[in-house]
Amino acid sequence: MKLKHILESQQFTVPMLMELFERTNQMKKIVARGGTRDYHNKIMCNLFYQPSTRTRFSFESAMHRLGGSVISTEQATEFSSEIKGEMLEDTIQIISNYCDAIVLRHGEEGGAKRAAAVSPVPIINAGDGSGGQHPTQALLDLYTIFNECHSLDGLSVAFVGALDYGRTARSLAYLLSKFERVKLYFIAPEETQIKQDILDHLEEKNVSYELANSTQSFLSKVNVLYQTRIPRERLLNQDMDLSPFYIDSASLQKMKSDSIVMHPLPRSVEINPVIDTDPRAAYFRQAQNGLFVRMALLTMLFDTD
Amino acid sequence: MKLKHILESQQFTVPMLMELFERTNQMKKIVARGGTRDYHNKIMCNLFYQPSTRTRFSFESAMHRLGGSVISTEQATEFSSEIKGEMLEDTIQIISNYCDAIVLRHGEEGGAKRAAAVSPVPIINAGDGSGGQHPTQALLDLYTIFNECHSLDGLSVAFVGALDYGRTARSLAYLLSKFERVKLYFIAPEETQIKQDILDHLEEKNVSYELANSTQSFLSKVNVLYQTRIPRERLLNQDMDLSPFYIDSASLQKMKSDSIVMHPLPRSVEINPVIDTDPRAAYFRQAQNGLFVRMALLTMLFDTD
Amino acid sequence: MKLKHILESQQFTVPMLMELFERTNQMKKIVARGGTRDYHNKIMCNLFYQPSTRTRFSFESAMHRLGGSVISTEQATEFSSEIKGEMLEDTIQIISNYCDAIVLRHGEEGGAKRAAAVSPVPIINAGDGSGGQHPTQALLDLYTIFNECHSLDGLSVAFVGALDYGRTARSLAYLLSKFERVKLYFIAPEETQIKQDILDHLEEKNVSYELANSTQSFLSKVNVLYQTRIPRERLLNQDMDLSPFYIDSASLQKMKSDSIVMHPLPRSVEINPVIDTDPRAAYFRQAQNGLFVRMALLTMLFDTD
C-alpha cells in the first residue's frame, strides 16, 4: 500500500495500520542487523518552523538507518534573510527540488495540508499548531500498545493528565476507537478534561468510556496507563493537589503484572523515575518505537508499489 | 577543466561556461537516475556567517546527490565560544582539515578571496557582503536561460526591480555581455536603476541596452523577463504606484509564447502566484537548476583533471 | 582494547595511549586514501548544550571519514519545547535509541559521568563545565607531541598563558606525568598560575617542574612550547605588559630547530601570525590531528573486540 502524504492519523484505516505495524516489525529486525542501504539515493528534508530536537533526531535516525541522507533546519521561519513571512507554498515548491520527502513542523493548524496541496514529494506532518495533528506520534503510540499487549481489541486504556489540549491523548483515543471492545478512561482535573468532540465520536462508534479525577480506582483495571503532563498554569486552583494523577511505586503495585505505563515524553513530575526499572515502564521503549515506526512510514512513502 | 575556487562570476570564460552547462545537463540525468555515489569520500563544509537556508539546502542536496557528506553551520560568527571575531584566515585553516571544499557565506565583501588565499581546499563563494558576489546564483540564472531558450546569443532580456543593489541582475548582465547580439532592458524606479559601472561595461562590449520605468512596452519584445523585488523603503516616494513593475496574467498575455519569467526567489508581490501554472513561469525550474549547477560545479572542483 | 565511554583523560593508561596513537597513525593513512566505509551503519549524535562548532565539525568529519552518519544539535537546552530543564538522564535514555554513540558537551561538571551511568551507548565527553574535562583535546595534544617529537619520554614542555583554569594545560600536564624524565615549565602571570593540585600530582609522580613569569629563559630549553590565551579580565593589573608571554619571530629564533609551538586554538594576540609558515608552528597540524585522534577513538568505541 503506497502512501502519498502523512497528514493526520485519521487517514489510516485498520488494514493500513496493520501493514504499518508489520513493516515496523521488519524495521526492528533491520536495525538489529545494522540498518539497510536500500534508500541510499533518498534525501529527507526536516523543515521545522519550531525546534523539536527529539522529533527531528527520531526522523533523522530513521532516515540514516535506511541508508538515506538528510537536510535539516529548525529555524525555517528565518528561511530567507530577505523576506519575512514567505509563503509556505513557495518554500515547499522550492525545497521539494532538493529532497524526496519533507518532514514539516509548522506553527499553524492546517500547514501540512497546505504544503501537501503543492508538493510533488511526500509531506510528513510532524506537528502543525497546538490544535493540529502529529500523526507519527499517534502511530508510534498505537504500535507500542499493539507490540506490548499483542492486540488492540478488548483493551482498557486510561489517559491521565490535562487532556483537553492533549494532542497525543486525543489522536490515540481516536485511533483506538477503530478496534473492538475497547474501554477508555479519561482521568483529568475537571477543567482540563477531554473535549466533547472526542466523546461524541466514541459514542458514535459505540466505544465505552468513563471520566474521573483520580487514577486510584482504575489502576487495577487497565492494560495501558497513558500518562501526560498537567501544567499548573492551566488549573483554576493552581495549588490543587495533583498527587491523584501522579504515578509512583505504590501506583504500580496496584496495576496488573502485564499492564504498561506510557508517556509521550518529556516527563515532568507525573512519573516518578523510581519506576523506570519496572518492566511495565514502557515509555523509553515507546520512544524507541518512534524510530521503527518512522522508518516504516518512510518506506511506505518511498516504495513505488 | 579543473577549477580551484569559485569566487566571482567574472572568472568564468565562455568555454568554461559551456563545460559547466554540459556537466549540468549530465547532472540532471544523474539525479533522474537517483544520484551517484562517485563522490562518497568527499566532505563539503557549509560555513555560513549568515543564515540562508535556501542556499544551504541547495548545496547540501547537491552534495548528497553526488554521494558525499556535509558538515554545516549557519552561525559561524559563534564559531568559538572563547574568542569573538576570530580571524577568518585561522578558521579556514582549521576547517580545511575537516573537509574537501568549503561553501562560504561571509558578511564582508572580499571574504571569499581572503579565505581562498589561505585555503588548501576549494572555496565556493555563496555570497560575501551585500556589495559582493554570489557567483553560483548568477551561473544557475545563466544556465536557466541557456536551457529554456536553447541559446545565449541574440536574446532580449529585461531586468525588472530595484537594480542598483541587485546582485543577481548585475552579475547576470555581466555574464550575458559575453554573448552575441544580446539586448538588455533595465526597468526600475529611477532612484534604483542599474548603476553606471554596468552600463559602462556594456558599452565597452558593444551590448545595446535601454532604461525604462515600466514593463509595458517591453513585454512583447523580450525572451526573458528577470523579475526582482522592489523594497518600498528604498523609494523616495514610498507611496509610488509599483504596478508598472509587477507581473500578472495580463502581463503574460502580452509576452511571447516561448518567453520565460525568472525570479531569484523568494518573491514578494512582484509576481502574482496566479501565473505559476503558466509554462512560461520558469522560476521554480530556475530554483531546481540551482541543484544541478551546484552539483556540476562541485564535480569541477573535485575532479582531478 | 575496547573502550566503553570516554569521560576523562585520566582513564587512559600508557598502553591504551599507545594503542590509540597506533590507531591514529592508521587513520591518517585511511584519510589519505579517501576514508573508509567500514562504519557506514553507525550513527553518531552530537548533543551539545553549548555551541562549539570547531569541536562539532571535528567529530562530524571524523565520523564521515569512517563512513558513518551524524545527527547533531548545538542547542540541546532547547531540546524540548514543552519542558525546560528536562533531566539529562531522560534525554540520554531517549537519544541513545537513535544512535550508536553520543558526543556530549554539557554545561555542568560531571555531566558526562551522569550520562554514562544511564546510557546503553558510548558517551564521549566533549567538555563538561569550565572546571570539567575535555579528554579528546588532551589526547590530540599528547598525540601531536608524540608525532612531532617521536617520543614522550625525556621531553621539556613549557605551558604559557592563564593556566589556573586552563583545562588543556591541566589535562596535558597530567597525561605527560605518566612518561619518563619529563620536565615541565609553567609560565603565567602570577595570579593565573597552574593550581597546586597539579603540582602536588607532579611531585607525587617525581616529575620536575618550574614556575616562571616570562618565556625568555626557557625558549632555548624546550621541546614543546604550549601557548594559551591570557584574558585581560583575569588579571589584577589589567594594564600589565603581557609581551613576555607572547610568541613572535624573535622568540622563535631562540628556540631549538626541532622544537614545536602548540596552541589549542582559537588564538588571540599570543601568537603572531607571522610565524605560521615556520615549520615549528604546529598548531594547525595539531587541529588536524584532532580529526585522526577522534576517528581512532570512535573505532575503539565501535569495534567489538
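A, B and C are the chain letters, set down in written order, and residue numbers restart from 1 in every chain.
Here is the rule we go by: contacts are C-beta pairs under 8 Å (C-beta built on N, C-alpha and C of every residue); 3 or more make two chains touch, one makes a residue touch a chain.
Keep in mind that this is a model prediction, so the values were computed, not measured.
Chemist: Same residues or different residues: which describes how chain B and chain C meet, taking over half shared numbers as same?
Modeler: Counting which numbers both chains contribute, under half are shared, so the two copies meet through different residues.
Chemist: Quote the value, from 0 to 180 degrees and to the nearest 5, of the angle by which the CA atoms of chain A must be rotated to coincide with those of chain B.
Modeler: Roughly 120 degrees of rotation.
Chemist: In whole angstrom, what separates the CA-based centres of chain B and chain C?
Modeler: Those two chain centres are 41 Å apart.
Chemist: Among the residues of chain A, which are close enough to touch at least two other chains?
Modeler: Residue numbers touching two or more other chains: none in chain A.
Chemist: Over in the complex, which chain B residues touch chain A? Could you list them?
Modeler: 34-35, 37, 50-54, 56-58, 60-61, 64-65, 70, 74, 229, 265-268, 273, 284, 287-288, 290-291
Chemist: Which residues of chain C touch chain A once you look at their complex with the stated criterion?
Modeler: The touching residues are 40-41, 43, 45, 69, 71, 73, 75-76, 78-83, 86-87, 89-91, 93-95, 97-99.
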